[in-house]
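Structures are listed in the sections that come next.
Shared between the two complexes below is chain A, which has chain B as its partner in the first and chain C in the second.
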Partner chain A sequence: MNQAIRDKAKELLASGAVSCVIGYDVGSDGINARPFFAYTEEEADGLAFDQTCTHNLVKYLIDRAGKATAIVVKPCDARALTVLINEKQVKREEVFIIGAVCHGIIESTWGQKGSDLQGRCQTCTQHTPLVYDLLVGEPMAEPTPKAPLDHRAATLANMSVAERAAFWAEQFQRCLRCNACRQVCPGCYCAECFVDQLDPEWVGIRIDLPEKWLWNTIRAFHLAGRCVGCDECQRVCPVNIPLGLLNHKLEEEVATLFDFRPGVKADVPAPLETFKKDEKLGIGE
Partner chain B sequence: MARIGVFVCHCGSNIAGTVNIAQVMAAAQTMPLVTFVADNKYSCSEIGQTAIREAILKQKLERVVIAACSPQMHEATFRKTVAQAGLNPYLLEIANIREHCSWVHSNDKAAATKKAIELVKMAVAKVARHEALFTKEIGLTKKALVIGGGISGIQAALDMANAGYPVILVEREPTIGGRMAQLDKTFPTLDCSSCILTPKMVEVAQHPNITLLTYAEVKSVRGFVGNFEVEILQRARKVDASKCTSCGICWQKCPEKIPAEFNLGLGPRAAIYTPFPQAVPNIPSIDLAHCRYIKYQEFVARGEEGKKPPQCRICERLCPPQAIDWEQSDQVLVEKVGAIVVATGYQTFDHTRYGEFGAGRYPDVITGIQLERLLSASGPTEGEVVRPSDGTHPKTVVFVSCVGSRDERMGRAYCSNVCCMYMAKQAILLKEHDPEVQSYIFYIDIRAGGKGYEEFIRRAQEEARAIYLRGRISHIYQDGKKLIVRGEDSLLGRPVEIAADLVVLATGIEPSAGAKELAQSLNISYDAHGFMVEAHPKLRPVESRTEGIFLAGTAIAPNDIPGCVAQGSAAAVKALAVLSRPSLVSDPMVAIVDPLRCTGCFACQRACAFNAIDSQVTRDGKTIAVVNESLCKGCGLCVSACRGVAMNLKGFSQQQLLAEVNALWR
Partner chain C sequence: MSQLISRSDLTAWINALLAEYTVIAPTKVDSLALYQPVKRADDIFMDFGITALSPKEWLFPPTETLFTITTQDGTMKLEAPPLDGKNLIFAIRPCDARGFRLLDKVFLAPPADTHYAQRRQNTTLIGLACSKALPQCFCTSVGGAPNDASDVDVLLTEVEEGYLVNIVTEKGQAAVAQAKLIEKDVTPPSPPNLKPVSTEGIVEATLRAYNDDYWERLADRCTHCNVCAFVCPACYCFDVRDHINQGKTERLRCWDSCQAPGFTRVAGGYTPRPTKGARLRQRFGHKLLYYPQQYGDLLCVGCGRCIASCPVNIDIREVMEDLQKLGVKSVSARA
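Let's look at the complex of A and B:
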């Protein structure tokens, strides 16, 4: 697999088809992967893919607009890429997609090789990316049986509204408003995020629960029907707010209301940006 | 800092009867930036408007809040008022303390007053963030489109053409004339329908200002008042109109005969046909579903085994000027027009839904419109009224009213308006045709409100000796040659049974097939039945809610010919009022993109129902959204779709709306 990625990367760089290959190499702890940019054939030898490649790299493509780029994607990353292509942030013809067959990403900590699959990967049924120019790895039979709901999601679903509100108050209370979740999210590419806007001032600059709450919920709404569940926000949150729970909940709502999963099909706009006369949402009825 | 004036209106007792005006005024005094507060008995009156103008000048007001009725009612009026005092007309905000407050809270004065104060507070917060907006002049196409060539559409087209404006009349049938062409004589004067209609049809055909497109349909409409772009599908007749001399050899010799729609199946027509002798234009069309040669071609194209059907092509061989053109194909024409009149008319209710009337099983149970064809001298029997079953002359005729009208079971609560009158007419005509005919008319009430109508009913009763029986029919069945009609005479409270030779069902009026789809493509509203909805049922009866689109005739509601003609003319005048303007004024309350915030995701474009969003490339090479102001309707869908808040709506900006919300809880 690694060799296939390296060979292709070298070929693309040598021919000038792309000027950069975005992928992974082994991080400085010698175990966990980290994002890696190969600009030369020599650098391409560092490229690698394994079950620690947790990062979703597609957001880097936005800054490479106008420059042909190759990128290594997992199935979930590929869906995020399709979202960006649909939203005209990335041009399909500028990207060479190296799709990696994915067996799930494992929880890992610095300097240690983990063994358990990440929560999102336990419920994921996809092993092969939906879109690619080159597929690397041995294709697996799909889909594997879907694991039951993430245990935390199940607990939340069984709570009363008041209990849920208390749960989230406790979570959001920890928010530092550092915006790491936004910075890493492929869906968050606004020129000026609403939370930074002063005219109008949507969210006050105070660092207190109402502002934290507003920030996190509006961001979740902006991702409804767009979030592919890569859980990067949750991974980078320094205070471990389980943002994935919020996003997955909205993803399920959108799926039931509109029969839509983001990033599955090219050129199908997200439901919250289309208005159809015959749409019946069961809201207010 | 802006100086804001607040004017609180009493609206007589409409507002003052519920809302404590003095308290609202006192509260307004304390609101930020408010420098002047006054009340008015009727703000919209000349005295009220003068007071507002004077206050603006004397108090040097820079923004104005008028707390009064709905902006739908008087916003336009008050914009003019403030403009006359030198303010930009958009530096005004209306607080609706009537429809939104006094009228709905008349039982709780304290709460109503509190709410009125909050509404004023919001309006003050909003108006403080208003910006001066400016209208633009836009050009227009001085040409009209009329959809539907019945009497309503014909009238509208002629009136506009005679006023000197070019008109395109689109009719989907091969001829204009509509339902009126099928009628024999018309109530209440009994003049012959074709005698009064045909000259108008010919005038349409010959009018230098009218482009007549028959056998054509409107496919799509884009644009806005003054500047619509219409796609029209012109279906192929397979006959070259420039060569055809209307000699009629083709339709006489064509061997394929099918029931004629125009005669509602009471007689045959050929596969190449004109619906009736006076058709305009009098060019035949080949009915592709039935023509033998077309069937032959389809058979060959399918490449099936077996015996080939005959090629026929008799029309082609016999046509003296060789006008048959098998190569002719459907065409899409694109036209620009400034105003549109919708006159798509009606069809009659499908009576086979009534099981108790035989559900279409009995040949001698016919509909009113079929009887018109039997009465007509140019009809399938040349005006001889005979029973479809055996060709004998009926002597006892029973009319059944309200078939598919005033019947909740059929989902038709409304009255079809013309049936009472045409039943009376047909009873009179039957008597004229054959003095031995006895008509029985079963009715619920007799609706005869028009000029000379009540007298006409009397004539049916007294001269034609029609017997009116009040009551519904419960059952019709065939007994030998007779039809037994069972019902109840509800005045005498006893059952009646009549052995009839012919039963005539007065089937009600419903919108033409496809009316809803057309309304959708025009972006105009329609009701649950598919009738087009007027902008105001009383005050704007021939306008749709979409500017530049007007309505006429039975497309709006059941109506008789005088009503349809009046509406046709009225719609023409309304359309002319658009076309005759030198230019139109654009509404400045449209969406606007902040180029620094726009990421070019085009969520807005996908959300816009009016195709009002284009793309543009900025100097630094970014592709971003830009609003086409003339197409934008200011609906705000794009604003809600734009996550980055790059999209804003002038006059309802996010800043203004948030200021209102903030004012509420501050």
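Let's look at the complex of A and C:
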């Protein structure tokens, strides 16, 4: 797999088809992968793919608009890429997609070798990316869907509104308003995010519960029907707020109301970006 | 002879401290260890390795009101916020305590920052020596040590019989007044060994690299997520803004980070640090060049939090190594 990625990367760089290949190499702990930008054939030898390649790299493509780029994607990343292409943030013709067959990513912390699959990977239904120009790895049968593993999802669903609010207040209380969740999210590319806007000032500068609450709920709504469940936001959150629970809930709502899963089909816009006369609104129905 | 406190007497002591101080100590919050105010000794989580966030928020809070202005019957009133009571940070790591030394140089240099100075004055630090080092730790390379008592008021060291109590300052003496200490001949355990990182010539190396492509290459993978600054015991970027609500104006100071794209944006929209590389250079420039030039020490205590928390593995030790090499011969960044 590594050799196939390196060979293709070298070929693309040598021919000038792309000027950069975005993939993974091994991080400073010698265990876990990290994003890697290869600009030369020599650098392409550092490219590698394994079950620690947790990062969703497609957001880097936005900064490389106008420059042909090759990128390594897992199935979830490929869905995020389709979202970005549909939303006209990335041009399909500027990207060479190296799709990696994914056996799931291992839950790990820096400096330690993990062993269990990440929660999102245990319930994932794709091993093979839906879009690619080159597929690396041995294709295999797709897994059957499983219910969400985080027991908190079921617990939350059975709670009263007040109990749920208390749960989230406790979680959001820890939020630092560092915006890391936004910075890594492929769907958060707004030139000026609502939270940074000064006029009008939607959210004040305070790092207190009302602002934290507003931040996390509005961001979740902006991602409804666009979030691909890559869990990058949750992974980078320095205080472990289970943002995935919120995103997953909204993903299911959108799927029920609009029969739509983001990033599955090219050229199908997200429900909240369109308006159809005969569409269910979910209000008073 | 050393002073020793037994485990049960430690609990009694902490409970006594609670009557006099707000005790801030490592607690377990979901799967995280965080410094939080505790209500009883049992709430303290002693086996914490390193907490997810440094305790800097207890001297430099994420949000603080600098002053408020209210208008009543045509008169304007400017008021300072009330002073915090007496705080005690229990089980602070030597590296985090050293972080306060670095913040002191900035906030206490004349004219001193009133709020920071008041909190600093009213806070007692009870240190806990590290019995284990994590793979990301490198305090010994930046002036600290796992058993360094220089920045705490009391240093505790765990031994079989309980904890050795090393009283360092008068504040520490006052804090242990109610502790039942016994004199005993106990040899302190030897501190864990840490892998050294070279910081030789790093100030000059960082200056030499100022215009190097290195920064843009390194910043390729940086997400500018601010996590490194928010978890760091030595970072102190902030933003100041007025909050106006029903005739009351509050001037607020909140945490910020030099990695945020809007951090240096000025009126009219101009940004003097427009590129990812320029922003990342600021992070390391501040830690390895500007702060040392002004205050002598590197702006890093080697706690390793940024290394473990950076989502894309930008490792300050590796950056230092790269910068040292850059001066010698041009190397391509490990971007």
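By our rule, the second predicted complex is superposed on the first by the 277 of 285 C-alpha atoms of A that agree within 3 Å, B and C clash if a C-alpha of one lies under 4 Å from a C-alpha of the other, contacts with A are read in each partner's own complex, and residues count from 1 in each chain.
Just so it is clear, a contact is a pair of C-beta atoms (placed from the backbone, for glycine too) under 8 Å apart; a residue touches a chain by one contact, two chains touch by 3 or more.
Not measured: the values here are computed from a predicted model.
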When chain B and chain C are modelled together on chain A, clash or fit: fit
Which superposed partner A:R34 touches (first chain B, second chain C, both, neither): second
Partner chain(s) touched by A:G111 [first = chain B, second = chain C, both, neither]: second
Contacts of A:I207 with chain B and chain C, given as first, second, both or neither: second
Broader residue contact with chain A after superposition on the shared chain, chain B or chain C: C
Which superposed partner A:K88 touches (first chain B, second chain C, both, neither): first
Arrangement angle, chain B at one end, chain C at the other, chain A at the vertex (C-alpha, nearest 10°): 130
First (chain B), second (chain C), both or neither touched by A:Y189: first
Closest approach of chain C to chain B (Cα atoms, Å): 6
Where chain A meets both chain C and chain B, residue numbers: none
Sites on chain C touched by chain A in the complex: 29-32, 34, 52-53, 62-63, 134-136, 217, 220-221, 223-227, 230-231, 239, 241, 243, 252, 254-255, 257, 260, 262, 276, 307-309, 311-313, 315, 317-318, 332, 335
Contacting residues of chain B [partner chain A, same complex]: 520, 596-604, 606-607, 609, 621, 623, 637, 641, 643-646, 654-655, 658-659
Touch list for chain A against partner chain C, complex: 27-29, 32, 34-37, 43, 55, 59-60, 63, 109-112, 174, 176-180, 183-184, 196, 204-208, 232, 235-236, 238-240
Residue ranges of chain A touching chain B (in the complex, touch as defined): 66, 87-89, 189-194, 197, 199-202, 222, 269-270, 272-275, 277
